[in-house]
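What follows is a set of structures for review.
There are two complexes below, and they share subunit A, which is joined by subunit B in the first and by subunit C in the second.
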Partner chain A sequence: MSMDARDAVLAAHPFALDAAEKGRLLGAALVELTAHHAANCPEYGRILAAERAGVPAGISDVPFLPVRLFKELALKSIPDDQIFKTLTSSGTTGQVPSRIFLDTATAQAQSRALAAITTNFIGKDRRPMLIIDHPGVVRDRTSFSARGAGILGMMTYGRAHTYALNDEDMGLNLDAIRAFAETHAGKPIFAFGFTFMVWKYFLSALQAADITLDFPGSVLIHSGGWKKLEDEAVSNDHFKSVARHRAGFEFVHNFYGMVEQVGSVFMECEHGRLHAPGFADVLVRDPLDWRVLPVGAEGIIQVVSAIPLSYPGHSLLTEDRGVLTGEDDCPCGRRGKTFRVLGRIPAAEMRGCSDTHTSRAA
Partner chain B sequence: MLTADINNKISVMAPAGGSIAATLAAPRAAPFAPERLALVDAVRKAILAHPQARSRPEMVALAYWARSANLARLAETLDGHTQVARGAVLHIAPGNVDTMFLYSALLSVLAGNVNIVRVSGRESDALQLLLQLLNEALAGLPAEVRDCLAVVRYPAEKPVNDALSARVDMRVIWGGDETVREVRASPLPPHATELTFPSKVSAAVIDAGAWAAATDQPEQARRFALDAITFGQQACSSPLALFWRGDADVVAAAQASFWPLVESAIAAAGEPFAARAAVDKLLAEQMLAAAGPAQHRDTADYRLRVTTVPDLGRLTRTAGDGFFVERRIDDLSDLAAMVARDWQTIASFGVSADDWREFMTLGRPHGIDRVVNFGQALAFGHVWDGVNLLTALTRIVAIEV
Partner chain C sequence: MKPLADVFAESLMIDAASVTDDLAYQSIKEWDSVAHMVLVTALEDNYEIMLDADDIVAMSSVAKVREILAKYDVTA
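Up next is the complex of A and B:
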């Protein structure tokens, strides 16, 4: 099956395509992928048949799967012997994790895409890298948690990798941090971690111990969702300010992404907007009838990407609410749509006769 | 009596100034004793006197059920035996089918028992209103009558369940499989009995020919819609699936006229629309499609979604708030293999009582506790899940001299 459009859009600069070019190129790539998955993933084929879906007329016409479907079903468009690795979502305790099956082609496309985006934000030179997690998170390489996979993916873009936390108690590994700081004093470094881990075990721990680090010109990239921090009333602005003052991280970039759509990294620019790269896109939909909403209107976030070849994850409906903030018009100069994430879709009100006494529900 | 530790965990929501101790010590009564009838009547009047309560169909239904003519009919069902109260009853009420806890409690009040009713810790407007009305109603009654009912809240912890269970003669558990399992871990005294109402699912059956001939289609569709969506389709009695009896072409024509009417009825009901429910429906319909042959019906929006599954073999609760699966059947007997023990209510249109009796006798399905007309799925009756609650809440004294 020809994947010319997919190849082309993956080869393009991540922030150079304007709306018209992207509509043509990414649209064509998604048409290729839709046909590919319909032919190779029987469940996906049946889902499209039940919706009487024809060939998509453009990006917004591609059918979408709710991300939770990957918790319910093992969806793949490759034979089992081509599975190169399986990602699982960390998820909330007690929940079934998503299972995402990657072949080598998809994994390669993912790492190239990640490289293109990351170097756009931290430059091509590999910087000393401070990993804000404990070494154990990547030790078992046969079972990748989303966190471990994310860290391994990012390690490519740094050198002299140092873990900031201890395995035993997630406490600060001050010896390692101090040695790292002495070796790379005054140089811009690259720090990476998951939002909640960075906040709770690194920034809060530095505050509690009244330690100030100094890495001028450094970049912190973090991801993983704001829910737990919102519960603690920590805003993005506050997070950035503590990161700057406590650790000297001058540039702090949050990114939005999910294990169910590998390679879709929506990075926050210096103007605080999340950016869709050229090979991926973001749409905001009205849950009443799933029509596409314009800039400024709040709805449910849909993400599309040219990367997923081994599983039908090229068009997904997320569990998040969001709003588009513009297209091809961000002051940072990057082309493509920008958006904000407004949080999870609220849980439905329980109105049934069932299970209201249990400790879980009460 | 209860330890201070346990007592501190229990909040009495009604009556004002009530306590577990006062309720356990309150006098039992004869079934349908005048003071117990007066209590139920006071609740009925409080509902009807409150404009907000009067605007809620489920509360109006409760008041209607509590009218004296209906209670007199109920009392007659006890005739022929000497029946007396069981004693103290602990009710674990279901969550947000809010009125249900009152049916359960009021029946037991009428039976002559004293009652501790545990209501959900979750706040809802309807529950708040019911508690307020209950308090108003009880305030006008003498203390020894009022204390036959204590509506309480407590954290779902085993020590509290243990302490209360040890002091009652009967326990009534609503609220689904998990609740039943959890509460059952607390032992009852050897003589005590128990009623459980575990998780159930319900469906509807329409005879396509009868539908085509019906002269009141919009009204029937409205009743079906209310049966389904009043509690977000999460009530055990609300239909999740619809089975069409008839030949393929007759069924197709009936479906084509039925669903648009249901869609209008749902829109007219004006229930709030939840994004979460829409995502759940999308997920549910894709799960069905992924599993086998399925077709989604075109609907205006995600307030109503219908998936036709020609070989539907099992009924499970997936999405709610206006999500249906449908299948054609030639005959009721096609249902027999599908009906599981957890099937409760069939909302039926155009299928005769004789057909249902024959099906229950010859098909011997494991489940199905009631078959009702459209509009009656949520109507509470003292016979529920195959149990005559009133009989179960009393004991029969055999006087054979």
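Up next is the complex of A and C:
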């Protein structure tokens, strides 16, 4: 099956396509993927047949599956002997995790896509990296948590990896942090962690101990959901301000993404907007009639991506509410749609990387 | 400077004899994403180079690693 449009959109610069080019290229890639999955994933084929779905006319016309379907069904478009990795979401106690089956082609597309986005924000040079977690999170190589897998994925973009927290109690490893700061003084560093871990075990701990760090030129990237922080009434602005003033992280970027569509990461720019890369897109839909909503209107987030070949996850309805903030018009200069995430839809099952710590010993 | 096969063998904790050109990333359980980062550090130390992120992602086999090293004027 020809995947020319998919190949082309994946090879394009992640923030260079304008709305017209993207509509054509990504639209064609999603048409290819819809046909591919209909032919290779029996369940997906039956869903499309039941919906009497024809060939999609464009991005917004591609049928979408609810993300929770990946918990209920083992959906894949490859024979079992081609599964090379199975990702599971950070399901908490009593909840069924999603299972995402990757072949080598999908895994490779995923790492390349993530590389294109990440290096756009932190540059190609691998910086000294401070991991805001404990070393144990990646120790068990046979069963990584979603957190461990996320950290490993990001380690590619750093060097001299240093863990900021202790294994025993998740306390600050001040000796390691100070040695790291000294060794790399004057060099811009890269810090990565999951939002909740960064807040609770790093920023809050620094505040409690009245310690101030300074990393000029540094970038902190964090992800994993805001639910727990919203419960503690910590907004993105407050988080950023503490990260800057307390930890000395000069640039702070949150990103939105999910295990069901790995590699497609929506990174927050200098102007606080989440950006859709060229090979993926975000649509906001009205929960009453599923029509596509314009900029400024709140609704349910749908995500599409050209990456998933091995499972039918190229068009998914999330359980998050959001609002588009623009398209091709962000002051940062990156093209594509921008949006904000407003939180979970009320009935959604609680889930997210920020939930993994308390419910399961990390 | 150690031979490439030794760097691989030590990083992945496998026998140097099994380090052939067509040995591919993720094709054996020893060459997983954790070992991949160990390998990156070992290559950088051994050849005194600094690989960029694109190279690390592209290091899909022993042959490919050799090809990438050549970009840094390393003959391995």
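Points to keep in mind about this one:
Here, the second predicted complex is superposed on the first by the 346 of 362 C-alpha atoms of A that agree within 3 Å, B and C clash if a C-alpha of one lies under 4 Å from a C-alpha of the other, contacts with A are read in each partner's own complex, and residues count from 1 in each chain.
Rule of thumb we're sticking to: contacts are C-beta pairs under 8 Å (C-beta built on N, C-alpha and C of every residue); 3 or more make two chains touch, one makes a residue touch a chain.
Since the structure is predicted, the reported quantities are computational estimates derived from the model, not experimental observations.
Legend: residue contacts after superposition of the two complexes on their common chain; A:335 is shown touching neither subunit B nor subunit C.
Contacts of A:37 after superposition: neither subunit B nor subunit C is touched. Of the two partner chains, subunit C is the only one that A:118 touches; subunit B does not reach it. Shared-chain residue A:126: touches subunit C; no touch with subunit B. Note on subunit A: of its two partners subunit C and subunit B, the one contacting more of its residues is B. When both complexes are overlaid on chain A, the residue A:222 reaches neither subunit B nor subunit C. In the superposition on chain A, none of the residues of subunit A is touched both by subunit B in one structure and by subunit C in the other. Contact residues on subunit B toward subunit A in their complex (touch as defined above): 92-97, 100, 118, 120-122, 124, 155-157, 173-179, 182-183, 197, 199-200, 231-232, 234-236, 273-280, 282-283, 285-296, 300-303, 307, 320-321. Across the complex, subunit B is touched by residues 43-44, 46-47, 49-52, 65-66, 68-69, 72-73, 287-290, 300, 317, 319, 321, 345-362 of subunit A.
Across the complex, subunit C meets subunit A through its residues 26, 32-34, 37, 40-41, 44, 50-54, 56-57, 60.
By the touch rule above, subunit A contacts subunit C in their complex via residues 84-85, 104, 107-108, 111-112, 115, 118-119, 124-126, 138, 141, 152-153, 155-157, 159, 161.
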